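Shared between the two complexes below is subunit A, which pairs with subunit B and subunit C, respectively.
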Partner chain A sequence: MDPGSRKTFDRSFTAVGYFSIALMAAALVVLLMPIFAKGSGAFVFRGTVENRRLMLEKFGRGDRAAIEAEKAAAAAARAPVYEAIARFEAALDTADAEDRRGYRSDFREVRELVAELLGPAPGRQTPVLIRDQYGQTRWDRASVVLHRILYVEDYDYSDATKMGVKVATPRVERFRGTALEPLFGVLERDARAMLRPRTTFYWRFLFDQSFDAHIFGGIWPELLGTFYLAVGAMLFAVPLGIVAAIYLAEYAGESAFVSMLRTCISSLAGVPSIVFGLFGLAFFINTLRVSPSKSVLAGSLTLALLILPTVIRASEEAIKSVPVAYKEAAMSLGASRWRSIVTVILPAALPGVLTSVIISMGRAAGETAPIIFTAAVSVGKPLAIWQTLSQPTPALPWNIYNLATEHEAVDEIRHVQYGMVLTLVVLVLLLNLAAIVLRARVSKKLRG
Partner chain B sequence: MSRMKHTIAITLAAVVLVAGLFGAGPAAAQANRIIIDGSTTVGPIAKAFAEYYMQKNPGVNVTVSESGSGNGAKALVNGMCDIADMSRFMKDEEFKAAVAKGVFPVAHVVAVDGIAIIVHPSNPVTGLTVEQVRDIYTGKITSWKQLGGPDVKIVLISRDTNSGTYESFEELVMNKAKIVATAEYVGSNGAIRQRVQSTPAAIGYVGLGFADRTVKALKINNVAPDNATVSSGVYPVARPLYMFTNGYPKLGSHLHAFITLYLGPKGQEIVEEIGFVPVTKY
Partner chain C sequence: MHEQLLMTKGARRRSRLAALFGHSVLAAVASSSIIALLFIFYFIVKDAVPFFRFEGVREFFGSVRWYPSREEAEFGALAIFIGSALVTIGASVVAVPLGVLAALCLSDILPFSVRQIVKPVIEMLAAIPSVVYGFFALVVFAPLLQSHGGSLLAAGAIVVLLPFALVGSAIAGNAAGARAPEASRRAVRVGAGLAVGALFAAGLAALAGALGRLTVGSGTNALNASIILGVMALPTVVSVSEDALVAVGRDLREGSYALGATRVETLLRVVVPAAKSGILAAVILGVMRAIGETMVVWMASGNAAKVPEPWFNLLEPVRTLTATIAGDMGEADHVYGSSRYHVLFAMALCLLAVAFVMNLLSELAVRRLRRGRT
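Our next item is the complex of A and B:
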């Protein structure tokens, strides 16, 4: 190869390298930006008076007197709405049968929407579901409901060759000239006074229990469940993994059996996580019966199996990379093999081992498939530590999936789902960061 | 070699010991917790009941998983849950497997549900007959044009075969005909709704409580699915929703109090608020 083309080749190789790094960075930004932007909506949002009422009644937070005053002010602003409804109802009672029938379903829809926006009408019996006991707690959601009250969304099917086109007509047209007409104007004008939105910083989202299947409240059961599962997996995987790594690096030698063992461990690392999940169900729960139902214990054991190969291989590499001179020096001073491993080699390998452990912990926290059948539930209380032996728990990765696909009120509680995603991503990022920092500090200390 | 045998023996002993330690635990039935697994259709009812029950009894932990009726039945048979939510009745083989394991399933009908056939709201079609729905899902009808809509190919969405809603749909609508291979199978009611919400040409089917305003529930044989038509049996694609327990729960236990919630006015209000049809009316 002549120097000219070699240079070109070199340059284009570098260019491809830069390009791929830039692509990766861009992908990361594209991925993380929406996660942070949307996820922060769970923590910082425009909370309405309904939100403050919820916080007071369910969590005992806030200044009771101030909230009562605010409720009274909101009620005063809402009075015209309920007045219009009452007047229309009274007029309907005296109207002829046909009119009444004609208005019935439209009027019911308006009343239901108003209840959705502002909560149950005064004087009504308290609904049994918590989601019906409060109006919209977030201004962004309230605006959506308000728009639905003011405009009827319909579809225009006149073009038979295409699917219908969405058209929004003001709902007030339907009630023009009736006692209900003022309601729409009042709502449009005074919605802010009725709900009193105010910027709310809800950091307790992380530590609050959830109400009514995640519709209100925070994600503490999920966060705690994730923590239990990840720590539990570590408790099982780390001692076993490190002992296995010591065996492989220091005792095993190079027989055919050992190389087969290594191949097995490597292939184990490549097994899809759902297979581990099914194995965990069949082995830990149905065969060994470690717990009577799904449980944190069974989930931790399954996750431990999943991360064990990574811990073993990374720890083995770390142990092997300790200079032989260390061991020789220890031995020459009369230390036994075991003693030289425990006092000299392991401490020197510690940064590598720790990194692998912490990164595996991040993996365990984020895995969904292994816990579907062994540990995770959609709804449950935060567990006390001894309950983890026998009870299942909600956990972030599973509940994100559950809220994204299965929940009956998906669209209303997107912010909770995004908040969970943000929490999980930050959790894993923090763990990885901790791994880097810890590694740097420990190796600095070891170098003296 | 004898050293290796030694090692293996010790390992085995350790495994047996650990297994013995945990294995002694009793079956799922325990005083202050209720574990519920199964149907994604019954899920919202179970979750709302759980919320209500835990408020009244703060010391009790009720957990709910939504993994499909088939998985619920399996979990009950294996003693892994106290209540199996199911949107269909138990099958022969499930009963046999249960009895063989000493589990005796008792059915509690907690609500009635219409299977709503849903399309995108922009779809001009407002009603179909049961036969037309069947023809769509067998692949005989492939375009909305054949049903009075625009010339757009129909996108078929179905539940997975683990689902009770799938089995009910097969029984009530398909009448043993096979669903065409182009259908797309998804894992939950919510997932079907999302696919239909975002796909103008799609058709799918969900439990009544999942048919909200973001999708359009079609009239079937000229009957719209609602509370009245489902409970009276006029709407043709309706079925009961079950919770199965192992035997009738011990009177006075939390499980008994929980499983009888649906009989009281509060329970029925919950069922109705979520969008399903209570079995009886107070």
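Our next item is the complex of A and C:
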């Protein structure tokens, strides 16, 4: 090749390399953007008067008098809606049988949708389910319901060669000329006055109980469960891991046993996480019976095994990075090997060890597969510390899966799912950030 | 004075005994990993054996009929094995080229200051929990794939292949120009480059058009799971192969530069061959991550236990071993001791065996790398 071609080849390869890095960064951005954008919707959103009513009645928050006044104002705005419904009902009673039958199901649908938007109609008895006791608490959800009231959505399959096309026809056409007709106009015009949306900052999302399978409230049980599981896993894994790291870094030579030990550690790191879950079920629960069924304890033990190799490797690295001069100085002063490890090497290695502990804690907090069979339940109360020995807990990773796939109202609680995902991501990234900062300081100290 | 510094015979023996005792206690604690691994194998095998005893091996590995909950239960897991393999291969296609390229870039091309920014990006990708990737795949990526499947694929193909096409045409133009006489060299270079570029562009347009016409039946399919898994496995591939590349050392590189090689020639002819077993280890570890991953495939792959038609059609839903274990245990737990319970352990045993063997291979590769260096 001539020099020119070689140079071009060199440059273009460099460009492809940069491109691969850019693609990776883009992947991170594409992944995190929707999570941050929509996840913040769980914390900051346009809350309606129904939201403030819920906060007052379920958590005792807010200014009672102000909320009562707001409720009255909203009720005044809603009056025409209920009036139209009552007039239509009355007209339906006097209409002939065929008309009545024709309107019945359509009218019921309208009434149900209005109840979904605004909550139970005045004068009716309070429904049993909490989700039926309140209208839409969030303006974004309210807009969706409002659209469903105003338009009937249907699929048009007339073109057989294509997929069905979504068509929205105004619902008012169905009730043209009846007493219900004004309802649609009023709703479209005055929906804001009926629900009074206002920007709400709901930081207590993190620390609130959830109501009615996460349709209302926050994620405190999940957050606490995740905390218990991660800390529990550290309690088991860190002592074992650090001792093993000391052994590997300071005592072990190059014997066949040590080589096998290292192979075992890396094999343990390679075991698929779901297999850890099965093992936890078969060993900790079905054989050792550490608890009658799933429990935080069993989950922590399983997670501890999962992160043990990470803790060992990173701690060993940290211990090995302490300059030999430290140890030599300690030993020249007459300290025994063990004494020099405990009083000189370990303190010097502590920040590095801490880094490894923090990173593995993030890992333990985010793992789902090992806790499915050993610790996680979909709905639960926040546990007291002694209950962790025998009770299962909800946890962020499992509940993200559960709410996103198995919940009865998956679309209605997207904001809760995103909120949980954001919380988990921020938690893990903060832990990693702490580790990165810590590591940077350590390497500066050991260098200088 | 002298006497006090020396230990008595008894004291010396005692201190030596204490040291021996301490050493063995440490060794015992350290071998907890060995015990854990043995226990995992023992308990998975113990619960897998009844399945093979009652149902035999033939049906499990040879049939695609997976009906574990029927009265006459059938446990043909071949389709599930194929699903796992398909998703894993797809993920490696995403993760391996991109990861190795990024590692090369990170170790040799990027200036130090940029590297300090890129490394945390990789660490963040590695730190994000798998369920978050799964959630993204299910809630963001799958609907997008379903509604704009064809155009999304076409755009993806263009973004990935365009740089290579540009590089290819530049090189081809240069090579053609080198043979032309001095006077017309520049014109030949530009002309040939443009011609080859047009060829590439036509090919790319044809490919994009073909992809654009595809319709995606369901957004949760093997392709979705492969792409997301690939991104997940990426940090492993990057960091392990970067370690291997850095470990090659300066002297080899400097020797190559001293002989007049360009950076790419140094990289491709000297550094990569020297680090190849380390890169192999990185690839194996990345593939392992993809095989063992549960949440992403559970949420993104569609969970249909059938072989796609044709078998390489990534746009059809598949089911993997890990997702089957995670999904079925909830129901199988109630029938503790039945074949339905034990079949999941049989699958776990297969996963464990594959992971173990691959891990040994990667260990071997790393060891060879280390031996090659000293």
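Going forward, the second predicted complex is superposed on the first by the 416 of 448 C-alpha atoms of A that agree within 3 Å, B and C clash if a C-alpha of one lies under 4 Å from a C-alpha of the other, contacts with A are read in each partner's own complex, and residues count from 1 in each chain.
Heads up, the rule we're going with is that a contact is a pair of C-beta atoms (placed from the backbone, for glycine too) under 8 Å apart; a residue touches a chain by one contact, two chains touch by 3 or more.
The shown structure was predicted, so the numbers you read here are calculated from the model rather than taken from an experiment.
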item: Which superposed partner A:392 touches (first subunit B, second subunit C, both, neither); value: first
item: Greater subunit A contact set [subunit C / subunit B]; value: C
item: Which superposed partner A:411 touches (first subunit B, second subunit C, both, neither); value: first
item: Which of subunit B and subunit C A:372 touches, first, second, both or neither; value: both
item: Partner chain in contact with A:92 - subunit B first, subunit C second, else both or neither; value: neither
item: Contacts of A:193 with subunit B and subunit C, given as first, second, both or neither; value: neither
item: Touched partner set for A:429, first subunit B, second subunit C, both or neither; value: second
item: Those residues of subunit A which subunit B touches in one complex and subunit C touches in the other; value: 286, 372-373, 405
item: Contacting residues of subunit A [partner subunit C, same complex]; value: 1-2, 4-10, 12-21, 23-25, 27-28, 31, 34-35, 240, 243-244, 246-248, 251-252, 257, 260-261, 263-279, 281-283, 286-287, 305, 308-309, 312, 336-338, 359, 362-363, 365-369, 372-373, 397-398, 400-401, 404-405, 414, 417, 421, 424-425, 428-429, 431-432, 436
item: Residues of subunit A defined as touching subunit B within the complex; value: 127-130, 132, 153, 155, 157, 159-166, 211-213, 285-286, 288-294, 297, 372-373, 376-381, 383, 387, 390-394, 402, 405-408, 410-411
item: Parts of subunit B lying in touch with subunit A, wherever the complex brings them together; value: 19, 22-23, 25-28, 30, 33, 35, 40, 43-44, 47-48, 50-52, 54, 61-67, 75, 78-81, 120-124, 149-152, 187-191, 193-194, 200-201, 209-210, 214, 266, 269-270, 273-275
item: Residues of subunit C defined as touching subunit A within the complex; value: 15, 19, 22-23, 26-27, 29-34, 36-37, 39-40, 43-44, 46-47, 98, 101-102, 104-106, 109-110, 118, 120-125, 127-136, 138-140, 159-160, 163-164, 166-167, 170-171, 174-175, 177-178, 231, 234, 238, 262-265, 267, 285, 288, 291-295, 298-299, 322, 325-326, 329-330, 333, 336, 344-345, 348, 351-352, 355-356, 358-360, 362-363
